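Before I ask anything, let me first share the structure, which is written out below as structure tokens.
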Amino acid sequence: MEFGNSGSLREDGIHLDMDRLKKGEVNLGTSIMAVTFKDGVILGADSRTTTGAYIANRVTDKLTQVHDTIWCCRSGSAADTQAVADIVKYQLELFAMRNGKPPTTQTAGAIFQEICYDNKDRLSAGLIIAGWDERHGGQVYSIPLGGSLHKQPYSIGGSGSTYIYGYCDANWREGMEEADAVDFVKGALKEAIKWDGSSGGVIRMVVLTAEGADRHLYLPDTDYKVRHV
Amino acid sequence: MDHRPQAWGRPRDDVYGAYDASYLHNNGPKTATQSPIVTGTSVIAIKFKDGVVMAADNLASYGSLARFTDVKRLRPFLSTSVVGFGGDVSDMQFLDRHLKELATDEAYEHEASSTTTDEGGSGAGEGQLNAANLYKYLSKLMYRRRNDFDPLWNQILVAGLDAHAKPFLASVDLRGTTFTSPSLATGFGAMLAQPIMRRYAATEEDAARLTREEAVNVIKECMKVLFYRDARSLDRYSIAVVTKDGVELSEDEQLEKQSWAFAERIRGYGTQVV
Amino acid sequence: MTSIGTGYDLANSIFSPDGRNFQVEYAVKAVENGGTSIGIRCKDGVVLAVEKIVTSKLLKQSANKRIATVDRHLGVAFSGMIPDGRHFIDRARDEARAWRDTFKTPISTADLASRMGGYMQAYTLYQSVRPFGITAIVGGFDSTEAAPVDGEVGSGPSCGAGGKVLGKTHGGPFLYMIEPSGLYWGYYGAATGKGRQSAKAELEKLDLGGPAGPALTLEEAVKEAARIIYVAHDDSKDKEFELEMTWISGADGPTKGLHQEVPKALREEAERLAKKSLEDDEEEEPKEEKMEE
């Protein structure tokens, strides 16, 4: 499979997600992240989808539910990541029915990882899996391009993430309260949107706890200060 | 608007250029693989009197980005051997899972052929795979995958004891190339650490005179040099010592006694003195 | 069994008019002829024990085991036809492997029991097959700690994952018994094979099913298991036998979450106590049972 002539990894090639796109493909330029906190996890994302420099969708939802309280953030090819998420959603639904118990975040991570690894030469998908389950509480798994599986206290991904490694490392604290964790995600995504041309639009979040899934929405025209929804 | 049905559903040629359909055709050899994405750098190891010491740092890089800083790249096998992985992390995880299955199959075999064991049956029992056996298996696996044009993108060191309970150390890479030596290093380590290790263990005889403490010190010294000079390295690392008593693995070591203060004496780049 | 098949026992896929599957009932007979197997679910693990009848002095001692490991944390003991048991174990290992390949975590005892129950049941449905001539006892210890996904690297926050449901425990020791019909239940203590009646009577005397969970510890259970096998054997008084015994503890126990043979020293001690207890019970005719190994 050809990915275009800049498809190989440059020594300093951190914009590799873009290089791996197939010709004419819609790109989730993207800033995505997920963090663990005291009561669970929070996923966050911008809302920009680009084809080259054109914004194909300015209100994209990159936070995708694969089970009640297991969600993922998608980066890379929109088509690929949607296809993978659809497969995993189906598998997890089947798991829940067959085994009479909800799948864990680990189950989701394992299935995502297998698909991404087995099809590594066909997919451009950078995923962050985050979920809450009764047994393991909130967990975050990162599955970058090659299809490896990394457990992390928090994870950032997409082209915009390269601008906020410093911000996140400096401001991250373990076991935050929900409000502080929301502020952390919002602060980080604001910076990513500011510096990354491929990220922009609104900030979406999903908070996953024992209570279930709770959506947040923050808009740029109110400087992301007011929570809508 | 292009009214030809062939053009429907395609990105517009005037905007995106002609559609590149090359991926639809399969000319030439099958090239299933790819290049490594998330990678680990050097693994180094040296034999000593009673066993082998191995080390690798805890970094998984994403290009030049130090993306994951808690990746353990030394994996014990059956508490008789240690496998150290450089190269692609997803392939390392594949091999790790594969070795876990192998260990389970070994336990089944061992159980079927054993009579009564004295204590539960942990550790290297009679007839269990030793490091030399494991290495042979891994090298065949790696070579087969390269012949399928689907290599596992790793450089691997295997350490442990052989069938004669002598220290064993050998290397296999993504092409199935195999070799062995009293000290071994992958990646940058082959250039930076190997010369240092050879000062202490140029021959098997030299290695057989090294004590465990000396070997550990050599490895720690090498990890320091690698941190100074390998731009894809980290100062946190894992170190494993494998002897007949099993594997001692420490996965959260911090580089100590680094030397940086001499930077003070460096002024300008030539004649400048202030 | 009082009635005979009168033609309704010739194949699996035929019910008798009073709603019985005679082939399955005959399979149960095969189990009832086999050496006793028991399982005890105790406070901190599971013990499996079988009475292995020595059918010939020409067979190697302690070879041809009737308890096998599945994955690393599960054990299967069985009574009945040994080749059927071997196949059951092969299948259980395949199921455990398939689970790991898909979900990258160990299969739970309950899930394995469920899958093997389904497998056994399928052999009661078709003309072309006969039911399994075994009853299997499946014991396992499901990790109480959160285990990593196979192969994963990295770790979560050092303060531990947030939002866990407090006071709720997970995993622990589990015991199931699967019969030729495919029927399976979870048990506190399970017994099958020739000596099952007296073994069950002995098991019922133990404190296994209290509201606070079993009081018996693993080491006590090993000694009880040995004694029960000796009691069950004593009733039938047939050939010589070997005691085969395995155990599974949690990660903090003696087997570190693995299914393993009970160490020789402990087993011999348990056998010594078992023999002593039998002799104490039967003072009137103190017989010398030479059961040295």
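Note that the chains are named A, B and C in the order they appear, and that numbering of residues resets to 1 at the start of each chain.
Rule of thumb we're sticking to: a residue touches a chain if its C-beta (ideal position, glycine included) is under 8 Å from a C-beta of that chain, and two chains touch if they have at least 3 such contacts.
Protein identities per chain, from UniProt: A, B = Proteasome subunit beta; C = Proteasome subunit alpha type.
Here the structure is a predicted model, which means the values were calculated and not measured.
Novice: By mean C-alpha position, what chain is farthest away from chain B (Proteasome subunit beta)?
Specialist: Relative to chain B (Proteasome subunit beta), the chain whose C-alpha centre sits farthest away is C.
Novice: Which chain is in the middle, if each chain's centre is the mean of its C-alpha atoms?
Specialist: B
Novice: Based only on mean CA positions, could you tell me how far chain B (Proteasome subunit beta) sits from chain C (Proteasome subunit alpha type) in angstrom?
Specialist: 41
Novice: From the mean C-alpha coordinate of chain A (Proteasome subunit beta) to that of chain C (Proteasome subunit alpha type), what's the distance rounded to whole Å?
Specialist: The mean C-alpha positions of chain A (Proteasome subunit beta) and chain C (Proteasome subunit alpha type) differ by 45 Å.
Novice: Distance between chain A (Proteasome subunit beta) and chain B (Proteasome subunit beta) based on Cα centroids, please, to the nearest Å.
Specialist: Roughly 29 Å, centre to centre.
Novice: Considering chain A (Proteasome subunit beta) alone, which of its residues make contact with at least two other chains?
Specialist: In chain A (Proteasome subunit beta), residues 113, 142, 148-150, 152 touch at least two other chains, as defined above.
Novice: Chain B (Proteasome subunit beta): which residues touch two or more other chains?
Specialist: 60, 68, 71, 89, 93-94
Novice: Would you please write down the residue numbers of chain C (Proteasome subunit alpha type) that are in contact with two or more other chains?
Specialist: 104, 150-155
Novice: Tell me, which parts of chain C (Proteasome subunit alpha type) touch chain B (Proteasome subunit beta) in their complex?
Specialist: Spelled out, the residues of chain C (Proteasome subunit alpha type) in touch with chain B (Proteasome subunit beta) are 60-63, 65, 68-69, 71-72, 93, 97, 100, 104, 150-155, 254-256, 258, 260-261, 263-264.
Novice: Provide the residue numbers of chain C (Proteasome subunit alpha type) that touch chain A (Proteasome subunit beta) in the complex, in ascending order.
Specialist: Those residues of chain C (Proteasome subunit alpha type) that touch chain A (Proteasome subunit beta) are 102-105, 111, 146, 148-165, 168, 170.
Novice: Show me the residue ranges of chain B (Proteasome subunit beta) that touch chain A (Proteasome subunit beta) in the complex, using the header's touch definition.
Specialist: For this pair, the touching residues of chain B (Proteasome subunit beta) are 10-11, 16-17, 19-20, 22-23, 32-38, 60, 62-65, 67-68, 71, 88-94.
Novice: Residue numbers of chain A (Proteasome subunit beta) touching chain B (Proteasome subunit beta) in their complex, please.
Specialist: Checking each residue of chain A (Proteasome subunit beta) against chain B (Proteasome subunit beta) gives 1-2, 4, 8-14, 16, 22-24, 51, 113, 117, 120-121, 142, 144-150, 152, 162, 165.
Novice: Can you list the residues on chain A (Proteasome subunit beta) that touch chain C (Proteasome subunit alpha type) in the complex?
Specialist: Residues 36-41, 99, 106-107, 109-111, 113-114, 132, 134-142, 148-153, 174-175, 209-210.
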